[in-house]
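Next come the structures, one after another.
Below, chain A partners chain B and then partners chain C, in two separate complexes.
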Partner chain A sequence: MLTKNNDKLTNLMVPILSIILGFIFGAILMLAFGYNPLLAYQVMFDGVLRNPFFFGEALRQATVLTFTGLGFAIAFKAGFFNIGVAGQVLVGWISAVWFALAFPDLPRIVLVTLSLGVGMLVGAVWSAIAGYLRAYFGTNEVIVTIMLNYTALFVTNYLIRAVISDGGNTTDRVGPNASLSVGWLTSLTNGSRLNAGLFIALVVVALYYVFMTQTTAGFELRAVGLNSFASTYAGMSAPKNIILSMFISGALAGLGGAIHGLGTFGNIFTQSGLPYVGFNGIAVALLGLGNPIGIFFSAVLFGILDVGSGFLPNRAGVPDEMAEIVIAAIIFFVGANYLIRFLLDKMKTKKTVTEGGE
Partner chain B sequence: MDIIRLLQLIVSSSLIFAAPLILTALGGTFSERSGVVNIGLEGIMVMGAFMSAIFNIQFVGTFGNMTPWVGMLAGGLIGLLFSIIHAVATINLRADHIVSGTVINLAAPALAVFLTRALFGAAQTGPLPRSFGRSNIFLLHRIPVIGPIFFRNTSGPAFFGILMAILSWFILYKTRFGLRLRSVGEHPHAAETLGIKVYTMKYAGVLISGFLGGMGGAIQSQAIHNEFGILTVAGQGFIAIAAMIFGKWNPLGAMGAAIFFGFAQSLARVGNSIPIIQNIPSVWLQVLPYLLTILVLVGFIGRAEAPAAIGKTYIKSK
Partner chain C sequence: MSQMNKVIEMKGITKAFGNFKANDNINLDLNKGEIHALLGENGAGKSTLMNILSGLLEPTEGEIWVNGKKVQISSPGVANELGIGMVHQHFMLVDKFTVTENIVLGKEKHRFGFMERAVSEKEVKELSDQYGLRVDPRAKIQDISVGMQQRAEILKTLYRGADILIFDEPTGVLTPQEIDELMDIMQALVNEGKSIILITHKLDEIKKVADRCTVIRRGKSIDTVNVAETSQQELADMMVGRSVSFKVDKQPAQPKNPVLEIKGLTVKEKRGYDAVKAIDLEVRAGEVLGIAGVDGNGQSELIQAITGLTKVDSGTITLSGKNITNKKPRQITETGLGHIPEDRQRYGLVLQMKLEENMALQTYYQKPFSKHGFLNHNEIKQHAKKLIDEFDVRTPSEEHSAASLSGGNQQKAIIAREIFRNPDLLIAAQPTRGLDVGAIEYIHKRLIEQRDHGKGVLLMSYELDEVMNVSDRIAVMYDGNIIAVVDADKTNEKELGLLMAGVPLERAHAELAESSGKEKETVANQK
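Right after this comes the complex of A and B.
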């Protein structure tokens, strides 16, 4: 699914055409309900791109989506479907905030590093449970990660109410020593919550690329994903790689959650459902075709859609769920890329035929 | 509380929570038996729940007491329509089954809430005028001892689900259609050689799963939540899929597992009126169904129970 065809142009065309088709689908749906799609898309993009505050917010959202996208992608490369990204975000988020609240007096650099590290580790371990069960019991990781999602949701809510706060629905805010906010970024974007997480995300994108293409461990992960029988035959350990890929996957998601906690909100509050950044991370990874740079740009696009959807109800009278529908439609076309490849092939053959005829 | 009343409470509340799971798990069985993984059942349930809620509100004047049952059919129909997306994507367009299912799970809640806002101006429908409520099962509730425990004041849809499970078992194992459907899930190439239309059978499997999943969602909104909102389904579709796996892809097994999960879920709601259980912190009862699912998958089922060709794209030979 993720880049098996080596034709680079076609590979680039698939996400681009998927985005276009997704927007067209959204437009048709809006027309059917008597909304004005051009106005809707215009207020979304204008609202975000022409206002530094909302652009900052979109990048802030893209930061977390980059982590969840990379997290999903690395497991996917190794042949696993980590639907548990949302739950891993949540456990990373709560443990980072909890740690930061527990040790408010550590120096900033130490506290930030340790809090992020704790969030990352807890996310990794949470996800590795599914990897371990898959590796040694053959348990379907899709079901296990989904079940762990709901477990994470209820346990997190319980911890917030009964342990971290005194029966309230939100925790205290973390101290300035644990905050990821960067003065010049905040003032550059008119006080948005954009934070140092963005730079961490860019570094992780680069590290991800190096890990996957330049290291033995990354090569093994990809090999197991492409053909687990052949890689076992070549002496690679399938269980080790399964657990490792889920561990890294959860670490990335947990880090995203920790950055959500220390950067975006500064606290954690009870959730009525699993965080959307988790599921949209899956969308980001699929649209980015598993390529870290593609994932970053997908995350930026979905960040813009996410923040821009807030303008829909007031400025265009359209329910803000429209953005989510467009995202789903885009992923439909990415998933059904056979359709796009088929059409592109048809067009190519026609061209050669006409050229031959001249 | 005397023992019969206690058992009655446990059985009836288990069945109420089991009803949506039974139908959806049966749906999953049909789809996966034809070789198509359908984790989109969660989204299909959302659409069924949405449709039946709308139907319930709009047509309560026309159908009176029958409204929830007709609403259930309406939910089934919309589920069937929605599952066409999954069928086209996985069968004709060769999409990864899990990716396509995820698309359905992303799209359905967004679309349903979008439509709810477009129709009602709010993200929830508000209370439904006529829910399933509790009913006595025809004549059976008069049997002494067993009658009051199992058949009085209980969930009508659950007994409908049990009937459907028996019917599904019959269809899958005793009819020509069932044999063909299963053969397509095990070895599509061999099936095609014998003249079975593989794509048609796969379509049948997915569309039946959509119909049953939609009805499951309709029961969820009309019997348990009594409204439609974003949290109405919240994971029930996934639990139903787990029930199907626990039931080893057999309709009767899936039904049994669904009732078991219904029991686990009901504990979180009625646990505080049952001795012993009432002392357990509620968070444990809330996560119990999910942890049980994992334990069950790890401990009680072996590996190679799934249809052999599950999740694989079948490309028709020319």
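Right after this comes the complex of A and C.
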């Protein structure tokens, strides 16, 4: 039992140390370029945490990152590297907005539910293509999802220009019946774009946890991801679970995209590249070590960093790319968790040795 | 024996992991030019001791002397410099590299940064000629047999200048012929002045090649004996700490109706040729049917077809009166099949999952383990606790991962899970592979017990002793066919050996009659 608790502690320490090391690395870099890191970090966190509007914006960003993080994580649990989260966000986004524009007069509860549902479904199907190809033809899901990302990007841009708008780069805004905004939330955060998506995200975090740990379907998914041979031997269907995991993964990403569309922007516009909330979702999932609650908190951290970086140029004279570098460094240290575990082990053995010597 | 002859002395070695002592005051010495067996059950501490000797672990207490000098083996590099080389159980080879490339890896000969392949190949060739290790220096590892790969692994240690070779359970992956060849190689190595430590739990191998044997049990050294002056029975008793029976205790079988009927079964292998060729086979309730044969004669494919892991090309399989041909594994399991798979770590368990989850691997979707798609963790835990208790699976708790169990206990866990479902037919494929005599005895007992409960047991093994000891009838497979089915008490090793080599039954009888005559002659001549 003792070792088990220790493992849990180590699991918690790895992301925390990664974050600390990431900030230290960023600080060193800022010092090297003649910036004041303490001022920079203070500006970032003060700017977000002491201002309801910006805190609301950070949570709004965290909402979408929670979906992309969970989406990446569930595929990862089943043994897949779904790098197509960004594309799935995009197809979910455009589908939800398109649906909301097409049926503006439906009652609000119906329109919101259906729009989100459509975004979720399109994301799921988009992602399941890669799962299907993997399950029955053994194609590499990384390559397929990368290709699907570009397909999603250009199809979306085409649809915006040629179908949904009249040759413009932006669609109309969705009507009030498709809005996710919640009055008290908006006024509480001084008019930020924080919306009902946050509550949906929290519910999904709970559902994700229950699904993975309490249901037979989650049990199968984990087993197939860890050892598809033993799972097949035990009577589970590996192809079914592969497709299912990619389907759910895409559903989560698509829902994130739909919430981004209806909640953050209220429209969709042509993109020069894939939405970075998709790729940052991978980082969020890795920092959260695949645990849904961990994913939510790392999404909040990333949301704060993202919004806070906006203050760097004006208030600290630091280019906002510095925040990106800190994020990159955190991800690096999460990836290098072997190093951190090694350091933790060293510290532990030292402790036992000294204890033994006493 | 003079002090100078000792190439290794390990004195009072203790290695503690927390409160647990994996090695407790162990002594071991190795003479120059001897083969010294290190015998112990799974988890007795053999690997820990050898990891200390090869620099992977540092001892908590104790001294190591190499060639009369006290040394600190703080890393594998130091062990290498001292001339200690390890031939690993799981080969450390790069599949896509050639034999030569693997052998010189890390010590490549080069000129201006270009590898001197020809020079290296020549060196490898010379080395392999010197020790009689037949291997093609240019062949890729992925294209050569397991025995050949092992020879490359041995050459790798020799190339690095090892004088003291540690063989870690080297025969587990080899065919009988390859085992004989390995024994010859080991003899050749000591004749050339090398010294060998052989880690094993196979007693016949120790009898065959080892000079002395050190037995360790639960981390303590029990004794070091001269192999010539001891028997296999004595060694086994020392290892296990009680009297072990090799003979499986059983009453004659009382077979009833067939539980498994196979008619005209043909199974294609991955590459498309017939691995199982239109065979008929029957297993009756209350009997153990053994399948003997050399590895690769269609046994694995036959079992995979019965269990639904491979497609049946033609023919029918009937289990408990129900047609299960090309049914899904789950349907077949539910019809009444238990399966102890050949590769327990790959097929039998999800190693990273908890033991309790593994215990419910096939039944998690049924009541009481789940209801309406939700797992009942409490039931799953109670079930695991019961099995652990009843089948004596040694684990700190049911919440530990399956990976944390020793090989023998992993196998016990699988057997517990399969038997507990009370299947009409239990298929056991290589159930005792890599296990020590204590665990083997236990597993055989459980198989017989199933039989005596009126269940059918299908035992596939490459170990002839095992098939002969446990089975009531033996089907011999050769080249995808069942060449003969014989009664276990009316056959012998020689007859089975001939059948396994593809000699039909009548000719085998004739040959045996002839050779027994000849043997008498040779014995007479020698006298």
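Just so we're on the same page, the second predicted complex is superposed on the first by the 352 of 358 C-alpha atoms of A that agree within 3 Å, B and C clash if a C-alpha of one lies under 4 Å from a C-alpha of the other, contacts with A are read in each partner's own complex, and residues count from 1 in each chain.
Definition applied: contacts are C-beta pairs under 8 Å (C-beta built on N, C-alpha and C of every residue); 3 or more make two chains touch, one makes a residue touch a chain.
Here the structure is a predicted model, which means the values were calculated and not measured.
Trainee: Putting chain B and chain C onto chain A via the overlay, clash or fit?
Mentor: clash
Trainee: Check the residue A:325 against both partner chains and state whether it touches chain B (first), chain C (second), both, or neither.
Mentor: Only chain B is touched by A:325; chain C is not.
Trainee: Scan A:151 for contacts with chain B and chain C and give back first, second, both or neither.
Mentor: Once the two structures are laid over each other on A, A:151 reaches chain B alone.
Trainee: A:140 contacts which: chain B (first), chain C (second), both, neither?
Mentor: first
Trainee: After the superposition on A, what does A:235 contact: first (chain B), second (chain C), both or neither?
Mentor: Touch partner of A:235: chain C, not chain B.
Trainee: For A:39 in the superposed arrangement: first (chain B), second (chain C), both or neither?
Mentor: After superposing on A, A:39 lies clear of both chain B and chain C.
Trainee: Examine A:336 and indicate which partner it touches, taking first as chain B and second as chain C; both and neither are also allowed.
Mentor: Only chain B; A:336 stays clear of chain C.
Trainee: Given the touch rule stated above, what does A:196 touch, chain B (first), chain C (second), both, or neither?
Mentor: neither
Trainee: Using the superposition described at the top, determine whether chain B or chain C touches more residues of chain A.
Mentor: Counting contacted residues of chain A, the larger count belongs to B.
Trainee: So which chain B segment collides with chain C once the two are superposed: 62-70, 98-106, 188-196 or 278-286?
Mentor: 188-196
Trainee: Once the two structures are fitted together, what part of chain A is touched by chain B and by chain C alike?
Mentor: On chain A, the residues that contact chain B in one structure and chain C in the other are 1.
Trainee: Which bits of chain A are touching chain C when the two form their complex?
Mentor: So the residues of chain A touching chain C come out as 1, 4, 213-217, 219, 222-223, 226-227, 229-237.
Trainee: Quick check on the complex: what are the chain C residues that touch chain A?
Mentor: Within the complex, chain C contacts chain A at residues 307, 309, 328-330, 333, 339, 341, 343, 346-353, 357, 361-362, 364-365, 370, 373-375, 377, 397, 399.
Trainee: Which residues of chain A touch chain B once you look at their complex with the stated criterion?
Mentor: Of all residues in chain A, those touching chain B are 1, 33, 81, 83, 133, 137-140, 142-144, 146-151, 154-155, 158, 162, 272-273, 279, 282-283, 286, 319, 321-322, 324-325, 327-329, 331-332, 334-339.
Trainee: What residues of chain B sit close enough to touch chain A in their complex?
Mentor: Contacts found on chain B: 39, 85, 88-89, 93-96, 98-100, 102-103, 105-107, 109-111, 113-114, 117-118, 230-231, 234-235, 238, 241-242, 245, 281, 283, 286-287, 290-291, 293-294, 297-298, 303.
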